[in-house]
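Following this message is one structure expressed as structure tokens.
A, B, C and D are the chain letters, set down in written order, and residue numbers restart from 1 in every chain.
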Amino acid sequence: MIITLKNQKDIEQRESLIDWIKDLGLDVHISEGVGTTILGLIGDTSKVDIDLIRSLDIVDSVNRIQEPFKNANRKFHPADSIIDVSGVKFGGDNFQFIAGPCSVESEKQVVSIAEEVKKAGATLLRGGAFKPRTSPYAFQGLGVEGLKYLKKAREVTGLPIVSEIMSADFISDFEDVDLIQVGARNMQNFELLKELGKINKPILLKRGLANTIEEWLMSAEYIMSEGNENIILCERGIRTFEPYTRNTLDLSAVPILKEKTHLPVIVDPSHATGINRLVRPMSRAAVASGADGLLIEVHNDPQHALCDGAQSLKPEQFAEVVVDCKKILEVIR
Amino acid sequence: MIITLKNQKDIEQRESLIDWIKDLGLDVHISEGVGTTILGLIGDTSKVDIDLIRSLDIVDSVNRIQEPFKNANRKFHPADSIIDVSGVKFGGDNFQFIAGPCSVESEKQVVSIAEEVKKAGATLLRGGAFKPRTSPYAFQGLGVEGLKYLKKAREVTGLPIVSEIMSADFISDFEDVDLIQVGARNMQNFELLKELGKINKPILLKRGLANTIEEWLMSAEYIMSEGNENIILCERGIRTFEPYTRNTLDLSAVPILKEKTHLPVIVDPSHATGINRLVRPMSRAAVASGADGLLIEVHNDPQHALCDGAQSLKPEQFAEVVVDCKKILEVIR
Amino acid sequence: MIITLKNQKDIEQRESLIDWIKDLGLDVHISEGVGTTILGLIGDTSKVDIDLIRSLDIVDSVNRIQEPFKNANRKFHPADSIIDVSGVKFGGDNFQFIAGPCSVESEKQVVSIAEEVKKAGATLLRGGAFKPRTSPYAFQGLGVEGLKYLKKAREVTGLPIVSEIMSADFISDFEDVDLIQVGARNMQNFELLKELGKINKPILLKRGLANTIEEWLMSAEYIMSEGNENIILCERGIRTFEPYTRNTLDLSAVPILKEKTHLPVIVDPSHATGINRLVRPMSRAAVASGADGLLIEVHNDPQHALCDGAQSLKPEQFAEVVVDCKKILEVIR
Amino acid sequence: MIITLKNQKDIEQRESLIDWIKDLGLDVHISEGVGTTILGLIGDTSKVDIDLIRSLDIVDSVNRIQEPFKNANRKFHPADSIIDVSGVKFGGDNFQFIAGPCSVESEKQVVSIAEEVKKAGATLLRGGAFKPRTSPYAFQGLGVEGLKYLKKAREVTGLPIVSEIMSADFISDFEDVDLIQVGARNMQNFELLKELGKINKPILLKRGLANTIEEWLMSAEYIMSEGNENIILCERGIRTFEPYTRNTLDLSAVPILKEKTHLPVIVDPSHATGINRLVRPMSRAAVASGADGLLIEVHNDPQHALCDGAQSLKPEQFAEVVVDCKKILEVIR
């Protein structure tokens, strides 16, 4: 970490800063220039609070040399992490297709979709039981009942199941869910992250709507620092000024993450774009950018289901996406 | 609500949509144009899931006439709400100054700052006991111990206290806190909002980093729909591409909110800008824009306290801000 | 176009609005609902100033049914436009690789790079002669001299050349340039667009840093409405809050554009990301998303050239990108 | 300028970088740390191309100590610049109100508005003759004819006039305009800026829609580096994700600019918000934040003028704004 001090002579504050740094167990290399003083911090700076230093009156700027994340950092763990979700592996040479409905509506619905997506190539089943909704008046999901239907669909198809958790209070309800999703709105719900760090289940951590890649990795670090290292990251679009798509899918995040971290990275083109016609090209692009998997909304009865629409694929459309993606995988690997 | 249908002839889907709308207890006014059909929904549309309708294949666009928030809506509650925080009133003709340190460090620190900010004109004391930090390795606050010191400072000065809650699990610890803050990162922690809706304490609801004003009011609606109508909104800056300030303080949100809702609106210039030299001009501007109060970071010993800096004012600087703001209040009211 | 009026009784303003619409040669279909009135505009609304109507006191909202762009609109021109750049075709089943240095430095440099990129698979040569620089103190390019070197390189290799124009005053200097680039900062330089509409050369129109897709198409429309329909669009990243990449490459724009317009769309992964290690995965992703070509920075002597670096590929790296992309093209077409 | 090198041993590239820096007339202070090397550049670094250095493979990060703008920098010109617009002064203790219609429609209209805004307190008259419009089909302004009407209004009222220029080709038409406006879309039209730097007229430089404060000052620097130092900056809102206002007015930019530059800063609340009801509170807030003036849209016949509406004030509303702002000025100065 490089701290550039302002051009001034407040020796007292400067000495107080240097002492404080040394108290953290770090060495300080002082370099006096013309009109500026630079402090180089030597040692493990991941515990140093960069915001705190940046806020000091005598500090001009602070520059990390080391990244603030440790457990998630590829530098300290060069090999890809392989995350095992009830036998289905993410990371390394594996590629997985997670598919299913936005909301679990009934046992019949979810079992039938599960059978169809399995046939089309899905390796995991997704389905929302607890739904984060902007409005308190909107349908909030079937809750625990919905999880029961998902488990039934797993029993029938053998597909491991993925569903979103919205509070640490529900952890016991998710005991038998194979992969627990943390949604975009909860990416910085630190209390939830800490509790998920104490269990031994794989976590699917979606990127927050307006969070940087570094903040996202720090949220993974929250879970990992408590002991749970089974994390899969999911890019799902960020908020920009462009209105034609619901969010802007940031595919550059995929190769950046592959450099910075050893954790697997998957992409959700359905939520990112909000438009079903874009799911196929953006799925192809996600694979080509180096993603380890896809999370795709699929519904089997768009004629009568109201939650279908612009963002859900029909099973036969999903099957085409799977075929495309497998061919692209062969090309780039 | 106005639904514009695409220029197509899928009568089955269209009839299915109209039936579904009528099942919600609404009337539908159908208007056939050349190349387009418009449905006007008549009745209480606040329970209609706009995203769901927007996602239908046959729908071109959906336009709300009514806003989706009801309890927070000024249309149904034209008079300003007055929120009473242990005798200190927000809204209407009242204006309040909330001041105090970013983090509670010790009893001595917080009592001494409380005495100084009270003398300078503060009417409430703020202090962070549970701190939401991007890094798991950063100081997470003194927790329940910190709340104890705040209560001590209240005992000494008589100032009601404000502190941030990070999970519904801590609600019992906040029973004796006068005003409970929901931070930017938890603005859409819907489980927390629902639980805060069931208690009878005033809530200070900060705007999320990248949330629209409408989403913010919907989060207020979550709390209100559970029964707790004691909400104060706090603008604290949004995320943009500009790096000179930490966030971009959106003061236009103040007059917009005064139109849309009857709830009081305060402004936090300290977190929004991250620069103490900007707190005075932006406090003045916040008052001039019509805010009902200010939330300002004040520390009394910047020389030795490391958490002071660019964003905290000294008590004497805060006193100047109070004087300025009171003069501007006289001009505009 | 659907105009929703506010719930009010200002008959005079309403009649004045309806008269004004009829004066534009449009029919108005009036639909009275409970608490609202809707006007449906029938006819060619592309000339209606939507901002003007939106700003009227009596108007609640305005909704386009027709898109505001006409010449660029795929609805009125269903087949892909094929743009011929001195014999090299863009659009339809064609795919082109534009490669070359950021800045033209010398004749020797640009000729040598041209020979190498041609061998690696490039079908056009790019090179900056006039450079838009944030700072007036930075190197502004070789200007007309640079164009001369590009022409020399074309003579040697046969590759058509692409270079950026920064003002209509230079149009005569670009007479012999095969494809004239309008950079991001000039996307809404309407005077330049109008002048380029009067000539008969292909234009490479880059997306503005913070412009919507609709604004971008309206800029194409400026050129086309003056008579020049030879336009190729180039996505080059938009400005967001994410600092790890220079800009955020918006690949969803590719399939959206393929729906909305018949014009070819290419992608510039070099400027978008600013990081050479990301050029290969993002080139693959661009092809997979459906792009019609790539614009890639290539330099042949990174050891000694200072303008090389994070964003330029070496010719051998570029050759690998070409191979990858051709394989992906086979898969998706 | 501080350059942090990556932890690597490419001595050749490092020596080549150091030689290149020395060739620019700068001294280099080398500081070797554990795992990193830091270069401190000593001398006038405003001519150093920071992007170029940042793009080098061996460079980890570059940090400016000096700002890249020189002529505009308050460090080298501590006193406020006073810009004289035909006798009306901006900067220092002066405060000016610029008012008038969005578009010049006729001589009668603009003369009549000019008389009314003068009575209400305006000190300059604005009016659009050349209008930058997203659509080529929208009204593009009266052009030179519009300038003639503005001059007539100046003759009648004595108010200096302000109007927007869209290309250097029109500079001779603006010879007799008192203050030449560069609009947001042309803030980085560098060819236009250079030409405006060669004349001796005051320039009103609006901030680009998605430009940082530093980029804005660099655009001022373009004009100043050619010799014209008569620049007034105008904040007019930036593009964010918030849809309730047209743009987000960034008032924090005002005190930041007052620190960074000696140039006057005014605010345009009309375009920023796009809502006339917000013009009064945001004008107050702009004054309170420390602005040197306001640019406000005023129209005198909103009943019949279609270009009036959400964003224009009536003259009597403008008069109230002037009264408010003068009172706030007394308080804060």
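Definition applied: a contact is a pair of C-beta atoms (placed from the backbone, for glycine too) under 8 Å apart; a residue touches a chain by one contact, two chains touch by 3 or more.
All of these numbers come straight from a predicted model, not from anything done at the bench.
> Which is the least count of steps on a path of touching chains running from subunit C to subunit D?
Each step joins two touching chains, and the minimum needed here is 1.
> Looking at the contacts, which chains touch subunit B and subunit C alike?
A chain counts here if it touches both subunit B and subunit C, which gives A, D.
> Between subunit A and subunit B, what's the gap in Å when you average each chain's C-alpha atoms?
Result: the chain centres lie 26 Å from each other.
> Approximately how many whole Å separate the CA-defined centres of subunit A and subunit D?
Subunit A and subunit D have C-alpha centres separated by 40 Å.
> Could you state the distance in Å from the CA-based centre of subunit A to that of subunit C?
Once rounded, the distance between the two centres reads 32 Å.
> Could you list which residues of subunit C touch at least two other chains?
Expected reply: 210, 239-241.
> Considering only the defined contacts, which subunit A positions touch subunit B in the complex?
The touching residues are 12-13, 16, 20, 46-47, 49, 51-52, 54-57, 59, 68, 132-139, 166-169, 185-186, 188-192, 194, 209-210, 215, 218, 221-222, 225-226, 239, 274, 302-304, 306-312.
> Can you list the residues on subunit A that touch subunit C in the complex?
210, 212-214, 238, 240-245, 248-256, 259, 272-273, 275, 277-278, 281-282, 284-290, 324, 327-328, 331-332
> In the complex, go through subunit B and note every residue touching subunit C.
2, 4, 7, 29, 31, 33-36, 38, 40, 42, 60-61, 63, 65, 210, 239-241
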